[in-house]
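Chain lettering (A, B, C and D) follows the sequence in which the chains are written, and residue indices restart at 1 in each chain.
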Amino acid sequence: MGIRRYEGRPDELLQAMLLIRHYEERTAALQAESGVPGTCTAVGQEAAAVGVVSALDEHDLILTNHRSAGHLLARGADPGRMLAEVMGRRGGYCGGKSGSLHISAKELGVVLTSTIVGGELALATGVGLSQKMLRRQGVVVCFFGDGAACEGRFHESLNLAAVWQLPILYVCENNQWQAFVHRRETMVNDSIAAFAAPHGIDSAAVDGNDVMAVRAVATEALDAIRVSGRPFLLETRTYRLRGHFEPDDQSYVDPAELASWRQRDPLPRLQARMLESGQVTAAGLTDMDADARRQIDTAVAFAVDSPFPDADALLTDVYA
Amino acid sequence: MGIRRYEGRPDELLQAMLLIRHYEERTAALQAESGVPGTCTAVGQEAAAVGVVSALDEHDLILTNHRSAGHLLARGADPGRMLAEVMGRRGGYCGGKSGSLHISAKELGVVLTSTIVGGELALATGVGLSQKMLRRQGVVVCFFGDGAACEGRFHESLNLAAVWQLPILYVCENNQWQAFVHRRETMVNDSIAAFAAPHGIDSAAVDGNDVMAVRAVATEALDAIRVSGRPFLLETRTYRLRGHFEPDDQSYVDPAELASWRQRDPLPRLQARMLESGQVTAAGLTDMDADARRQIDTAVAFAVDSPFPDADALLTDVYA
Amino acid sequence: MAHMTVQEAIDQALQEEMARDPSVILMGEGVATKRRHLVDAFGEERVRNTPLAEGIIAGTAVGAAATGLRPVIDLLFAPFLTLAMDELVNSAGKLRYLSGGQFSFPLVVIAMTGAGWCVGAQHNHNVEAWFAHAPGLKVVMPSCIDDFKGLLKAAIRDDNPVLFFVDIGLVYSTADLSEDLPDMSVGQAAVRRSGEDVTLISYAKTGGVCEQAAQSLASQGISAEVVDLRTLSPLDEKTIVASVRKTGRAVIVHEASRSCGVGAEVAAILAEHAHGALRAPVVRIAGPDVPAPASYPLEQAFVPQVDAVVGAARRLMG
Amino acid sequence: MAHMTVQEAIDQALQEEMARDPSVILMGEGVATKRRHLVDAFGEERVRNTPLAEGIIAGTAVGAAATGLRPVIDLLFAPFLTLAMDELVNSAGKLRYLSGGQFSFPLVVIAMTGAGWCVGAQHNHNVEAWFAHAPGLKVVMPSCIDDFKGLLKAAIRDDNPVLFFVDIGLVYSTADLSEDLPDMSVGQAAVRRSGEDVTLISYAKTGGVCEQAAQSLASQGISAEVVDLRTLSPLDEKTIVASVRKTGRAVIVHEASRSCGVGAEVAAILAEHAHGALRAPVVRIAGPDVPAPASYPLEQAFVPQVDAVVGAARRLMG
């Protein structure tokens, strides 16, 4: 499976979002039922991931973090190899050495994933510098959370990208939570996009649960970067509907807040819109859902069948 | 010598500025002539230091950095003990262990000086937290450079101070240089004060070579902090007239820029204003200058007479 | 005696010290969420969730420690300490000295580390030796539930900055916590088992490995002494040297990578101060010089196993 | 042979490698100011002043290294590495492994360290052992002008991240640089002087201390072999062990603090692999476990001196 290309049709976007949703819920279920290692799921954030990734072209590069499944799957990653990686199997994207937290897939342009919060922000400028100095096409897209925006590296990265005019699309997925701390406890203002201006960077904030809106603003931002060579900060405002890391009973989450964001779940929202506008039938939706589910069934089968790495893998891939 | 109190009269401020100027030039001369260790001088920045420090009361605490002589002397530090410290003598404020780069003087409320650029920004929030939780009077004043504003800690510090409402006056001495790099090479915009707003902090920028203006805005900011308990960011715009660290031939400095800032030297500026308004006579100015020079002569004599620490000092003061 | 997890024993230590001394505060990403009962007991002022920024958490602790508070900070996983190294090493470790003794820094940094959760090298990296190589700091890494409680209390009472490492493999293990725990102090190793033929020296999770190895060796007629370092800096040289002077053989075991690890320091001390008594080469059984993999069997292979310790001890016996 | 400073030899290495390989770039706070001639030769794109932020400088280097460039970064003084530990340790050192070998990180970090300028512990702190204790990284610390040039070139050509430490005490020392310097590679120690009775093992500035000590010992009838480690990670165990197997005695010398320093690793290797040959205890002469003071006489007292090395060697001879 290679890099996935999108024309931008709602059904394509929905298909990608369904695949992510089923993948995430299955990993959570596997964790609960079979002791598969826990993961940071991005249930509820599918529109933010698919909206941005669907706007990329094949030269663009992605840096992501611990909550990466949506970005990878939207980019065309094989859910079987993803799950194999989660399970520490040889067939995973990183041969099982990464596990779920730092999955890179160079073949998809998903490079240098770091589970150090803010880690991808520190590396993105270097990837941007390579793109620029080696005269390569392709914008660098760096996904990070609202928590990462509390790390000083966020500012150091924006500043350097501005000074050196690096082609980077910074995407802050503001999902209101930073592990077990609410975003409100960590910053006075509500806007992360607002940090861009003093660094001399343009920015936008968008409803991150509206995939068409995200895609539209991401497309605009990417076009601007392709022309100017300058960075841009996009904030997608969304919500983490499941816990931080499976298992997580979310007992610390205000039920009213959770309920209000469930109302804004990006999947039903897109489905309703498609139904309303006649872009899909109810039966069509059922089919799409079943199809995504089947893909995940296949993925689970692949992952479970994939052997663990040989013991000597412990000592390989340290030095080039 | 204890904490120096100011009523705010121009002659007081001038006196403090002259003491600093002579101290700095003498350390530079001693370095050139006698191989005394080099220092980071703040010649040209005296107004920024004296303007802020003269606005403090005796409960306020200061954190400073490698370019600290102005802050310490304005606060009432004994230039003899300062010079002794520079020379690594027992009579120095830190017994000679610090040298010039991290001089603290707890008795003056000058705490936790760090020569790690941005180091004082990371510590200031803790000092502010102690002030707040232990219900102590006194604002925490944290001096740092425009270079330190490039370190992510600057933002982490502002953000935490805002969220926790800590009584901190952040003072960025924007002297246009960061060692051998011009500030323009390190940031796109010209305003460091502008970084405050997205963190939810009030700020101001002031001509840092006008001591009365600095004092006025610092007083206002301190008053606001005493009432609100909230942090404030003050940017003093000034210039480093000598090099980064003695000796430094400044060959990398644009002569036109240097000349234009020499025109704005805060000492002649204050002196001219005092003469004009009849607050001082030419003879009075000469006397003040001679007096400051004499104080530095005394200081040098003290420092030179102070013995080096005993060898066993190598192993003391490591653990409490 | 109460049966509980190490996590709960840590909680007790925090609870007791916060009750005893109002200047003790707790800060970190999620401490107020995860230790809600401490918020209930001591209020939101003293138990603080922080923004996600390890550097400023540590810096705040250092600044507060110098000016009257006794902060305990939870930096979650040891690899995140990389973001706070300046504050811990350059400030907490050095500013007492550089200021000629004007300040002291009573603070504790808690961090988890080690294999057990298949989370990979960015969460699992045993860097305790870095801090043993940094002046002005102390380093504690307990192996048993009593020490988790007793040494955390001691660390909080210590007037110096203490790094308190919690082995991930032990966090949710349960054991009986002694009532009437004696006051402990940082800096003392413990002889867990007395023996004549060989000394097994370790800390943290591998303490258990060594105790099992000693049992196995006993059944094979080899009498192993087991020394638990407990504090890695300052090291209790006296106890280490005395034991090996007695047994004449040493196997040093830890999970951290071999090169320049704490085991190197212990081996060096023995080469310097027990040379005459050493009847065989010193042996180190340590993690390899590679990052920790996530994959379960690889993660297991990273960690010193009982068999390897037993084998090494047997070889030393010739 | 040209007489020059170490600084100039470093310049030559940069100049030659940048000329040879267009993907080599240089970044740091002031590199374009202080090495203006490199800007003139290679342009502002390849020689870049940076904002004052070590973390992002290092992160940028790591990201660029993984995607086609070969960055050399100057982080000025070793204590400032504390602000870049995440990027160096968690990213450069681990992401090759964690990604299953998808990326490599050809980059060099230059930093000065050590006594000589009376600047105190926030500029002078020998932390090379930290990086020897971090997987995936290499560490080089030369003692002589040929190695400063040759090993920097080797480091730049190495496909892995290399920490290149420059001893402050050597930066402005002058010496003759060999013409026709052979290609070097990272990882090999050098026997600087052959001897029979005792091996003096060191690196960086203390290499000179050991050579002087060896001369002094020779005049007292003691034949000392001098081993210069040159690369601290990976360590050239073979050369170390072979030398001590021959001489039967070892004095290990470095300026870095003793506990968990590189000397501990060397001593441990000897205790493990040269036990049978050791005719006396291993001795370490190292900096004390304290921060480096600024005051001149104290700074001098921190550094291992020739007399101490001579004295130790004589004591070992019994």
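The working rule: a contact is a pair of C-beta atoms (placed from the backbone, for glycine too) under 8 Å apart; a residue touches a chain by one contact, two chains touch by 3 or more.
What you see is a predicted model; the values in this text were computed from it and never measured.
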Fill in the blank from the handout: Intersection of contact sets, subunit A vs subunit C, gives B, D
Handout entry: Most widely separated chain from subunit A, with each centre as the mean of CA atoms
Key = B
Handout entry: Which of A-D and B-D has more C-beta contact pairs
Key = A-D
Problem - Centre-of-Cα separation between subunit D and subunit B, whole angstrom - result: 36
Practice task
Could you put a whole-Å number on the gap between the CA centroids of subunit B and subunit C?
Solution key: 41
Fill in the blank from the handout: Between the Cα centroids of subunit A and subunit B the separation in whole angstrom comes to 46
Fill in the blank from the handout: Among subunit C residues, those touching two or more other chains are 50-51, 53, 55-56, 79, 82-83, 86, 90, 97-98, 120, 122, 135-136, 289-291, 293-294
Fill in the blank from the handout: Touching at least 2 other chains, the residues of subunit A are 96-98, 102, 114, 116, 119, 150-153, 156, 159, 163, 185-187, 318
Practice task
Could you classify the connectivity of these chains, where an edge means two chains touch, as line, ring, star, complete or other?
Solution key: complete
Handout entry: In the complex, subunit A residues that touch subunit D
Key = 61, 63, 92-98, 102, 104-106, 111-114, 116, 119, 121-131, 133-134, 152-153, 156-157, 159-160, 163-164, 316-320
Fill in the blank from the handout: Contacts from subunit B onto subunit D in the complex sit at residues 37, 88-89, 96-102, 114-119, 147-148, 150-152, 178-181, 185-187, 252, 308-309, 311, 313-315, 318
Handout entry: List of subunit D residues in touch with subunit B within their complex
Key = 29-30, 33-34, 36, 49-53, 55-56, 79-80, 82-83, 117-120, 122-123, 288-291, 293-298, 301-302
Fill in the blank from the handout: Residue set of subunit A touching subunit B in the complex reads 150-156, 159, 162-163, 185-189, 191, 194-195, 197-201
Problem - Complex contact set, residues of subunit D against subunit C - result: 79, 82-83, 85-86, 89-90, 93-94, 97-98, 120-122, 125, 127, 129-130, 132-136, 233, 235, 256-257, 259-265, 267-268, 270-273, 275-276, 278, 280-284, 289-291, 293-294
